[in-house]
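For reference, chains read A, B, C and D in written order, and residue numbers begin at 1 within each chain.
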Amino acid sequence: MIDELHEECGVMGIFNGENIVKNLAMGLYALQHRGQESAGIAAADGEKVRVSKSMGLVADLAEEGRLESIAENCFAAVGHVRYSTTGSRTLANAQPMLVSCKWGYLAVAHNGNITNAHELRAEMEANGHIFQSTSDSEVLLHEISRTKADNLPNAIRIAVQKFKGSFCLIFLTADSMYVIRDGYGFRPLCFGKRNNSWVFASESCAFDLLGVDYVRDVAPGEFLSINKSGVRQEQLIKKERKAFCIFEFVYFARPDSIIFEQSADKIRRKMGKKLAEESPVDADIIIPCPDSSTTAALGYAQASGIQFEIGILRNHYVGRTFIDPSQNVREQKVKLKFNTINGVLKDKKVCLVDDSIVRGTTLKIICKMLREAGAKEVHIRIASSPVKCPCYFGMDFPSPSELVANALGTAEVAKMLGVESLGYLSVDGMRQCTGAPEDFCGACFDGIYPEDFCHAGKTRCGEAT
Amino acid sequence: MIDELHEECGVMGIFNGENIVKNLAMGLYALQHRGQESAGIAAADGEKVRVSKSMGLVADLAEEGRLESIAENCFAAVGHVRYSTTGSRTLANAQPMLVSCKWGYLAVAHNGNITNAHELRAEMEANGHIFQSTSDSEVLLHEISRTKADNLPNAIRIAVQKFKGSFCLIFLTADSMYVIRDGYGFRPLCFGKRNNSWVFASESCAFDLLGVDYVRDVAPGEFLSINKSGVRQEQLIKKERKAFCIFEFVYFARPDSIIFEQSADKIRRKMGKKLAEESPVDADIIIPCPDSSTTAALGYAQASGIQFEIGILRNHYVGRTFIDPSQNVREQKVKLKFNTINGVLKDKKVCLVDDSIVRGTTLKIICKMLREAGAKEVHIRIASSPVKCPCYFGMDFPSPSELVANALGTAEVAKMLGVESLGYLSVDGMRQCTGAPEDFCGACFDGIYPEDFCHAGKTRCGEAT
Amino acid sequence: MIDELHEECGVMGIFNGENIVKNLAMGLYALQHRGQESAGIAAADGEKVRVSKSMGLVADLAEEGRLESIAENCFAAVGHVRYSTTGSRTLANAQPMLVSCKWGYLAVAHNGNITNAHELRAEMEANGHIFQSTSDSEVLLHEISRTKADNLPNAIRIAVQKFKGSFCLIFLTADSMYVIRDGYGFRPLCFGKRNNSWVFASESCAFDLLGVDYVRDVAPGEFLSINKSGVRQEQLIKKERKAFCIFEFVYFARPDSIIFEQSADKIRRKMGKKLAEESPVDADIIIPCPDSSTTAALGYAQASGIQFEIGILRNHYVGRTFIDPSQNVREQKVKLKFNTINGVLKDKKVCLVDDSIVRGTTLKIICKMLREAGAKEVHIRIASSPVKCPCYFGMDFPSPSELVANALGTAEVAKMLGVESLGYLSVDGMRQCTGAPEDFCGACFDGIYPEDFCHAGKTRCGEAT
Amino acid sequence: MIDELHEECGVMGIFNGENIVKNLAMGLYALQHRGQESAGIAAADGEKVRVSKSMGLVADLAEEGRLESIAENCFAAVGHVRYSTTGSRTLANAQPMLVSCKWGYLAVAHNGNITNAHELRAEMEANGHIFQSTSDSEVLLHEISRTKADNLPNAIRIAVQKFKGSFCLIFLTADSMYVIRDGYGFRPLCFGKRNNSWVFASESCAFDLLGVDYVRDVAPGEFLSINKSGVRQEQLIKKERKAFCIFEFVYFARPDSIIFEQSADKIRRKMGKKLAEESPVDADIIIPCPDSSTTAALGYAQASGIQFEIGILRNHYVGRTFIDPSQNVREQKVKLKFNTINGVLKDKKVCLVDDSIVRGTTLKIICKMLREAGAKEVHIRIASSPVKCPCYFGMDFPSPSELVANALGTAEVAKMLGVESLGYLSVDGMRQCTGAPEDFCGACFDGIYPEDFCHAGKTRCGEAT
């Protein structure tokens, strides 16, 4: 996807093993695509939990011996990479969040979005609680701490019943780890093992680097309590359906990851193939917009029998610094990142396969660049449906009014992009590719939410205020 | 004092005026001697409170435009410089602490030590509160937020009744400032005015730079509520006595400050004179240990008629980096900081006046250096009594077992230092110099605490566990 | 190429135009792949030349307003990105190098390697010159300054006759720019125009971002003198042959660049196709090692008719920090950078196309990873001949004893890699792909050097000491 | 002195001993007052010389293990602290400067000013030399390298004959150290020993910290060659007179230093006493402007019998950050640094003793502050004559037109300062205090230069162009 979307988090936890903090850092590095704003690790040594966090990348966190200070005697740790919206870019919101409560040290790494956090927070403030961040993770720590439970696992059991929305939570105390995933399973959470180590991560690509074997997903609603004595597993939350985020397959997850117990590459490939069926094209070459749509483009090329080519190159060096706000920023920004390979494109009927369409502004510039590189025709195929509705469960889309498909029909978008044709994958087509059409949430495409997302109980796009 | 003691904080607040954030930063710079670990400023613009904090000096805080981001539309601000004990040197403990509670934004800058913070915190944790720092300021914010009061000033009125110990507190909300000082008045808090600006600071030296006129102290137990409509003054806490910290006059306060409504220079000078009376010396020259004991040494010289000299030079450039832990650290550390002026000392009977004696280890090295510089005799006069007891009200002394006067009598200390004579100022003498002997706390010298300092109600040194 | 080789430099110059310094920075950003150790820009304003350099990436150079200080009134500038061998990683060696000489300010950006720099330097030292760096650029500035010429362009004309080896030089004085390329044309140097701007760069990809049109190469031996009055062109150095570096096409140049007046993508594609002819394979899929061998792999797949796939993923986030020297570094380093997409590889006969083979150590780990991912067979095809000899003209290869092909025959390398088959592209095949077989230097492959590379006049690999 | 003047350098060298680099860093720390812009150390290990330099303080240089990289096997090292005028604040000018020449590695640390450097450089440029800095140290390295001598010590012997002006030079090669001081002895250079270590430093205060015994000055014109075989001493340059810089005693040198073989404190004290003789005052108290004039003020107080007091306090924390260029900068800057102790000054006839007067602008603000603090009368006594002429030998004074004494007579300056009286020490008086009136240069006061300072052979102020 060209307009970069932002997953709000990646989480990881390791219980038992050697070099836990260092291994966790490497796992977070593999999850870096899920959040680049801040990174952090909390480590337990049996007596206390210590945390190290920093703004920026995991590599920044690992610099200057910061992690060594928390690694001593560590036998369990949780980590987090975070993206957040502008305005809240402060260390106060970085995770894992570590507090002291009646059960001692309690840290949490959270991926997801508690949709009723605002109401819970208002009620708690009225009851005398104070808040030091704008993060919903702070809300859930308060909620757990104020239950009347006799111990922490029971407090978690009680508190999570109050949370709406999406949550993959890994808690860490001085001696235990607790893992829980919301009942719908919106966001992915994998479980792996290596020798006596228990490992959890948003995506399985974090396992590969460490030689950890992927076992299965933490199931929706499943609650795992892990300590030196062993693991206790229970099905804590029961929902009538699953609601895996289909956008993880469309764009977010790394293709080498297993999420929702399926290979991201395989599903994404199917989407490309399905797109070729639903929306064929008369073109000389199929090109991806690197790197996110390469898999879908390969699928499209294979299904259509049209030649796959690399027609656009991406510069991976950091280039933000050069952007001069006084100029035509967007075009320059796109050109700093992408360049065309003219010999591949010249006098060709080019079909660009992209994974998704959101604002369409960047895609428009790319289309212009393709034309300037000598493409005879430019066709666009999107390996998903157009994004039309907000996500309340962890994706950071622009507001509905900025989504191009809300303002323009397909033909109008094609005209705006200045291309010969434009085709999408249908929502049904997307669902079929997953092999379990009913188990996925596609609300950003079709506006049908699996759960009410605000106190008014609305579950359809357009109802929301 | 040669063994550097650490005041735990300096606070400052400005309500109304121009360039408030910048002026506050300059005021904090004048208070820098009260804390060098972290600095911070919280600013209100009528709608919200924003905070900027950093580890290190006020100059670090002011760098890189950090303060500009909070200065916009600011009409009131509070600031803080902090020292803390090793182990809690984290930004999480830096002040002002800013939270959101049922009354909206609430920031606080705190100088002092809430002696029952631990008990209050334990009780609150039991009741479901969570804590993100080890600071007693977080405890008091919780306490205020959980009262059943109908508004914030009432909540403060109720909550402060629960706090034991010392506190000078400046609260800031989006539109108001609240100032309160504990009933004993342990720590200083000055009130000044310039045009329509209301200014508060730990010491009056923060006023001079800004052209603010010192008006008076915020009285012990006084509570001031300030907003755009005006100021409301009340006597909230009543104690049977005052307990101004006499150590502020002995060492901490800058000599150019007014604290406790008296000039620090004047009182410190009197202490030097009184010391000359109580403990005369047969010497050729009187020298101070720069810069803290210069005033007392001048007093001693004037009263005794012995010539005042500068025999020791202090290097003010930062030199910590050079300390090699594998060597005789302390001696090197002292020599990096101090050097003798041999021509002044050679063949002289030298009397070194120092402001206080704590561990005595640094003084021992200085005495050796004086001897090596050719001093014929070395006499030590301390312009206070020997520190023997812990302070529970905001001073960070070493543990009683490290205090040299607890292990050795005067003659033994003189022998340990290798000097011809040693003399102290009596506790009574110190008290008389203040002009109000009964109004001061001298517990670190005499072990008599004005208030019980722990839940067991102990008020005498040695009783504490 | 998996074992990363290091081009020693990228150069760029702009004469006339707007925002020259900023545009030059963006151009250098496009050339970043040619050097990541240091970056610098020298700018002329008609009266003086100022330089700004920093260790690290172009983005580091552009930070914190460093470039603004040299941009004022700038009408011409030269820039440089540099890689150098460990041990000389100091700012003293960063370029452009700026000196003052009898003709005033003189800056130079240099790509190449003066093979007789050592002899020239020794002679100059004997004659009383001093050197502040280990860079051959300093040698050539000395050489120019010590000629008896009556002006700078003549001095350059005289001095360059003494230089052996490869050099693309862009000189900048307060009012002029001089550009010269060695007579063999070892390294690429492109010339472009936009309106009245004259632009020079190692690769044309630096032009695209700026809307500059590629015109032609600066010809081997060509000397251009540019000032406000216009441009003077002359053929200064004449050699009996050309010797373009074929390794630029094999690996270094960006595929979207034109170098040596041909599209890098097109030549690299041909190499892939030629490889398929020379060394066919029985495989289910062709995969590249991203990103450098993607073009060659596409060519191989197209020529062979075997399906192209993405079987290896590359993580582009910075990850060096995690490398723990005490562990099996190389394997960890490879795994931090690459991961396999198991679904693509499982039970497949996989043919990995790589661009070149140097040490072979990284490739060995990749082969193991492919096997672990379930590949039934692993075949390696290298789109160049094995590197066997040192380069004296600007490439930084390991010493001959570290080059795998010097120690092992093809079958032995295959065995070492643990693969079913291994095939190379012949040197003749490579040369044919360029369309001008005689114009290229392939000394790193065949050991035949176009020019003697040391004072003993040796021109064949193995003769060198 | 209130308007801060800037000594251009401090130098230090150690030959033989343990922990040489670390000890040198500590010695430079003691010399920090002689230069705060950059610091550097070059170290020899018998085979090579390596250098580490950084902008800022010695503490910055010592950070992050930079010195460890050069300390290995070090048996000799030279160091430097530098101040330079704005515009040349770059690392390129930092010292020690290290070059490679026909005699191998050659580093130099230089304190002084070669007055004919410009002419030498112009001639060398004409002869084909290139320059990479604006430092006169680079000129002298060129000069040495281009001599026809048969070895380095002879080259130094020949080259220094060409240098005019002031120079204390410590050269370091891979195995030897060479020390030379100009024939007039403008700048101080001390020689000390500890066991088998030979130590050289601008001031003896650098010795005290290291337990090095001060032996004597390196004599004017003396040349010392030191290597493992021993030391060779010779009197290389002979001048008809000495010309020690009297301003070192007036202001620059630390009072605890021995320079020019006399105690700086003792001479400065005498100047204060002489001033009391020459220019008595009717005052209640004598106060210094801390810290530089404390010694002179003590002398004045002792001679006059008037009470010595501390009436002005100096804040030693870094405060530059707060200066807002849009405001009345100078006054704010002075107030950030100094504050009055009002109780000391109120209703008193105050005599402020300062060490020197240059621009007078800062002093004017101080006088105003004294008045605001309630001083009944303000008298100024300057323990030197007014600075009227430029220094060509290493001091950085403002241009003559900025020197207040060039524009105004004594009465007018008093009026400008707004004080009751103003008195200076006569040039004769100053000279007498040194005990060797003829051996000192007082050109900045009387305009009589011991040597022509430009090619026109001028030796009197006003003649210079």
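In this section, a residue touches a chain if its C-beta (ideal position, glycine included) is under 8 Å from a C-beta of that chain, and two chains touch if they have at least 3 such contacts.
Quantities reported herein were computed from a predicted structural model and do not represent experimental measurements.
Among the remaining chains, none touches chain B as well as chain D. Contact with chain A and chain C alike is made by no chain in this entry.
Farthest chain from chain D, judged by C-alpha centroids: A. The mean-CA centres of chain A and chain B are about 49 angstrom from one another, to the nearest whole unit. The distance from the centre of chain B to the centre of chain C, with each centre set as the mean of the Cα atoms, comes to 62 Å. Pairwise, the chains that make contact are A-B, A-C, B-D, C-D. Here chain B touches chain D in the complex through residues 19, 22, 25-26, 29-30, 32-33, 36, 57-59, 62-63, 205, 208-209, 254-256, 263, 265-266, 294-295, 298, 302, 307-310, 313, 315-322, 324, 335-336, 339-344, going by the rule given at the top.
On chain C, the positions that touch chain D within their shared complex are 91, 97-102, 106, 125-132, 141-142, 145-147.
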